[in-house]
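Heads up, the next two complexes both have chain A, just with different partners, chain B and then chain C.
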Partner chain A sequence: MNIKAVTSSFRQQGIQFLADPQWIIPSIIAPFMFTVVALYMYSGGGELDSPIVLTAVLGGGVLGMWGNMLFASGFTITYDRYNGTIEPIMMTPTHLIDVITGRSIWNALIGLLNAILVFIFAELIFGVGVSVSEPLFFFPMLALTLFSLASIGLMLSALFVLTRASFVVMTILEFPIYVFSGALFPISVLGKLEPISYILAPSWGVDAMKTAAVAGHESITAFGIYFDVAVMILLMVIYIAAAYILFGVIERNIRNSGTLVRY
Partner chain B sequence: MTFVSERVRVIKASCILSIHDTFTTIRPSLWLLQIIVPSVFAMFFFYMIAGVANADQDFVVIGNAVQSIGMTTIYAVSGIPGVQKHIGTMTPLAISPSGLFSIFLGMSLFSIFAGFISIAVSLAFATFVFGVSMASVNLLSVLVVILLTAFSIGGISMMIGSIGIYMRTSAIIANVATYVGLVLCGVNFPVSVLPGWAQTIAYCHPLTYAVQATRDAVNGCTVTELASPIMMMIVLGMIFIILSYLAFRFFEKLSRKKGRMDVF
Partner chain C sequence: MTAEHEYPIVVEGLTKVFKPTRRSKLPEKVAVNDVSFHVRKGEIFGLLGPNGAGKTTTIKMLSTLLIPTSGSAKIFGMDTSGGDEKRIREMINLVSGGERGLYYRLTGRQNLRFFSNLYNIDGNKQDALIEKLLEIVKLTDAADIKVEDYSRGMKQRMHIARALVNDPQILFLDEPTIGLDPEIARDVRSLVRQLADSGTTIMLTTHYMYEAEELCDRIMIISDGRNVGYGTVAELKQMVSDTNIIEIVTSDDPHDTVSKLLTERRFVHINTERIAGRYCTRVQLKDDTDVLSEFDSLFSGYGIRKIGYDEPTLEDIYLSLVGSDEH
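Then we have the complex of A and B:
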């Protein structure tokens, strides 16, 4: 890995974000509205008990992180296509994945901000009194979950290099993670579809976060939070390895086919 | 007469061009997938929450089937000026004698039609995947309600899109409008549980009438029995189309004056 390229692209992504920060709004709106809907549905118009509120708010935060990661990963490549900068990037000796990794780390940090904003808005508007039972565990779990989402984003970026219809792909991929991560409802209710959640690192992250935050939360397995963390890290390593392989193959293919700048 | 036929010609040409544009960029199968997958997953997502919350799952599934138009039509239509700015065609369009409203109306028609398809396909999934009973459905009523939903939501989308002529983007406002509809319009829970001020906003939004009318049509109500929500959708749709025409003229003039046609 070319660390200099990673840090430079991280910095460049930061500068671009700060030049037009309004784009954080869409990735906050959707998860916040989903949280509001979930709160209304769980309450049935009446009072809410605190574990449900906490579950909904934490879930909303995870949705926020995913929304941000997905759209930021997709637009990263799309804008290079639009702006005509993807070919110069490909001509440099730096691998594309190093550039994308730097950008993904920045997007992950913004995703964290996104989640925190969802928590704050939920607190300010509903006065839900969110309190985390194990804060020492919770915040590392939040960060790990975020990086698990970032590793999926990195893998998907490879696909976004291939297609000029990245917006379509982003739209298609947004909801499946909302559903299978178990962010707003337990994955046990998915029935036959539950195994899909097991191959998604964020599902384990969400479980670990809820175990750390919500007293009496029923974990996916009986092995506890450390097992969740181990599986999450293992899956993240697999995603990152897959991203490296995919980027290598795709870079070679698009150089040969000359289809990179089609949009 | 010449003026009207000229406008119709511009609208038709813009519509045909936008269809060609869409399918040059993406394959029809992918386009259809883009409509179906988010709608089905959104239904599934809220269906599951409703299950855990012991809420009425049929209520939620039909609500989200109608709400799917938000993701299809509001985004696509309101994003048209932004796309034109991005690809550098806004200024050439603005200096043509056709007028931006007619051009963008033509470009919007296909996305409004896509909204119609989106609701129809989502209702089919509601039946075959989520088991919503269509035993007493009144098909004519459903058809009329979906058509009017597409028309009225198309009006709102055009109004939001007009902002994109002056501002850098209208995507953020479109995003807010889509998701506000999810909360306020009785998609997942009855409007009656909302605070009074939110209910007032809800009843100014055609989606509220569309969602309720669709549920009633699925339960067998005839077009005559749905006269009240149907009238409200027609009236609100007309109001939004007129407002969007005025907004297009206003933002076009403002944008020319301030030189913001190419700002994105």
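Then we have the complex of A and C:
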């Protein structure tokens, strides 16, 4: 791994992000709207009591993080393809995945900012800020959940390289994650579909966050927060390994078919 | 000197077949067909051929961007698809003509820094390197302007600077002067010359024959993926030494006569160009029969300013080699 390539890609993504004001829509406006809608839905017009508010606010946060991850990782590679910069990158001794890792970390950071913004909106507008019962766990959990999203994003961006329909894929993938990550409602509601949740690292992150935030919340398993963290880290390792393999396969495919520059 | 250092590029039986994709349903395409050549150290090697001949495909196989279907391309003795890609990539670079290939939202300097990092160049060496590259391509003043505000010529020079960040021993140039004004194109050519003089091995494609004639030590002409001519310009000219070339300069457009001549099968090619208000018609015959007096009378109605046999140019050779393949 070329660390300089990772940090440089991180910086480059930051410069490009800040140069383009349209990012305000997925990064700030969308999660804000989502939180507002969710708060109204859950409150049913009545009292905004703590666990429900938390679900909505967490949902908004996860939406912000995930939406950002999807759009950013899908869009950056698409941008490179339109821009003709993917070949100059491939020409270098650095693996494409290093570049995407750097960008994903920037995107993850912006995602974190989204989540924090959602909490601030909830506090400022509805006066229902999340009171975290165990901040020592909650905030590291938020960060870890975020990086678990980033690692899924890394894996997905491998697929985005191959597809000419990145935007379609992004849209298709956006919603299921909200559902299966348990950000919107408890995953036990999913019935037979519940196992899907278990392969998504963020489900465990959301579970851990809820456990940390709400006294009395029941964890997915009886093992509590540490188990959540262990599973999440294991899943992340699997995602990243899968991303490495996928990027390798994709580079081979592209070098055989030459489809890299055709879009 | 070992063989791979004398010949940094060795290509044998190189072939690329693009398989039809599920989506496109295009027929199988043999883009490069059994091509062999080698390039000497410090040489400027030209790859010429009509659109779709397989030039870009060849360059991509040499620069590790595409895997050959069969045959081999070796860079310093290493196969471009044999597991040594990382080492090869450290030693080569590629410039493609055209607008694409830079980050528009970044400044020239930021682009160069990004690519220096991808080549893992020492942080404390980067500033000096970038300054030097900017100077070479005369973009020092534009270094902190976003690439989106660059002119076409500035972008092309930035491409070249980008391709020099790793101080490549081999530089591939795919139509490096396309769309550039004559002055900038000349600057680019002299830069290419300088690089070759300092030992960089260069392989370039171009559609401009005078450019190839001016720059290239040796040339390969490909058509429909196949080698149709390979050697120095002088050697290629030898290939057409048994044919005559007549040049007729007239005041009026000899269109009617030219189209009549075109229907005959005695010529390799005929074309008329308008140069400085005059019409210059070049005819390459299939053999060396003397047709001077015949042409003198054929064109007499158009006001002949000059008529005579001429030495073949690279363009004549190109047209005869590529043309004969077509018919």
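Following the convention adopted for this analysis, the second predicted complex is superposed on the first by the 258 of 263 C-alpha atoms of A that agree within 3 Å, B and C clash if a C-alpha of one lies under 4 Å from a C-alpha of the other, contacts with A are read in each partner's own complex, and residues count from 1 in each chain.
Rule of thumb we're sticking to: contacts are C-beta pairs under 8 Å (C-beta built on N, C-alpha and C of every residue); 3 or more make two chains touch, one makes a residue touch a chain.
On a predicted model such as this, the values are computed, not experimentally measured, just so you know.
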Output check: A:19 vs chain B and chain C. Expected answer is one of first, second, both, neither. What do you get?
second
Could you say whether A:92 touches chain B, chain C, both of them, or neither, answering first, second, both or neither?
second
For A:255, using the defined touch cut-off, is the partner it touches chain B, chain C, both, or neither? Pick first, second, both or neither.
second
Classify the contacts of A:179 with the two partner chains as first (chain B alone), second (chain C alone), both, or neither.
first
Check the residue A:33 against both partner chains and state whether it touches chain B (first), chain C (second), both, or neither.
first
Would you tell me the residues on chain A in contact with chain B in one complex that are also in contact with chain C in the other?
20
Any idea which chain A residues touch chain C in the complex?
2, 4-5, 7-9, 12, 15-16, 19-20, 83-85, 87-94, 99, 252, 255-260
For the complex, which residues does chain C have touching chain A?
18-19, 21, 57, 60, 63-67, 81, 86-87, 89-90, 92-94, 96, 98, 100-106, 110, 113-115, 117-120, 123, 162, 166
Contact footprint of chain B on chain A as seen in their complex:
20, 22-23, 25-26, 29-30, 33-34, 36-38, 40-42, 44-45, 82, 164-165, 168, 171-172, 174-176, 178-179, 184-186, 189-190, 263
Chain B to chain A touching residues, read off their complex
25-26, 30-31, 33-34, 37-38, 41-42, 44-46, 48-55, 60, 71, 86, 168-169, 171-172, 175-176, 179-180, 182-183, 187-190, 192-193
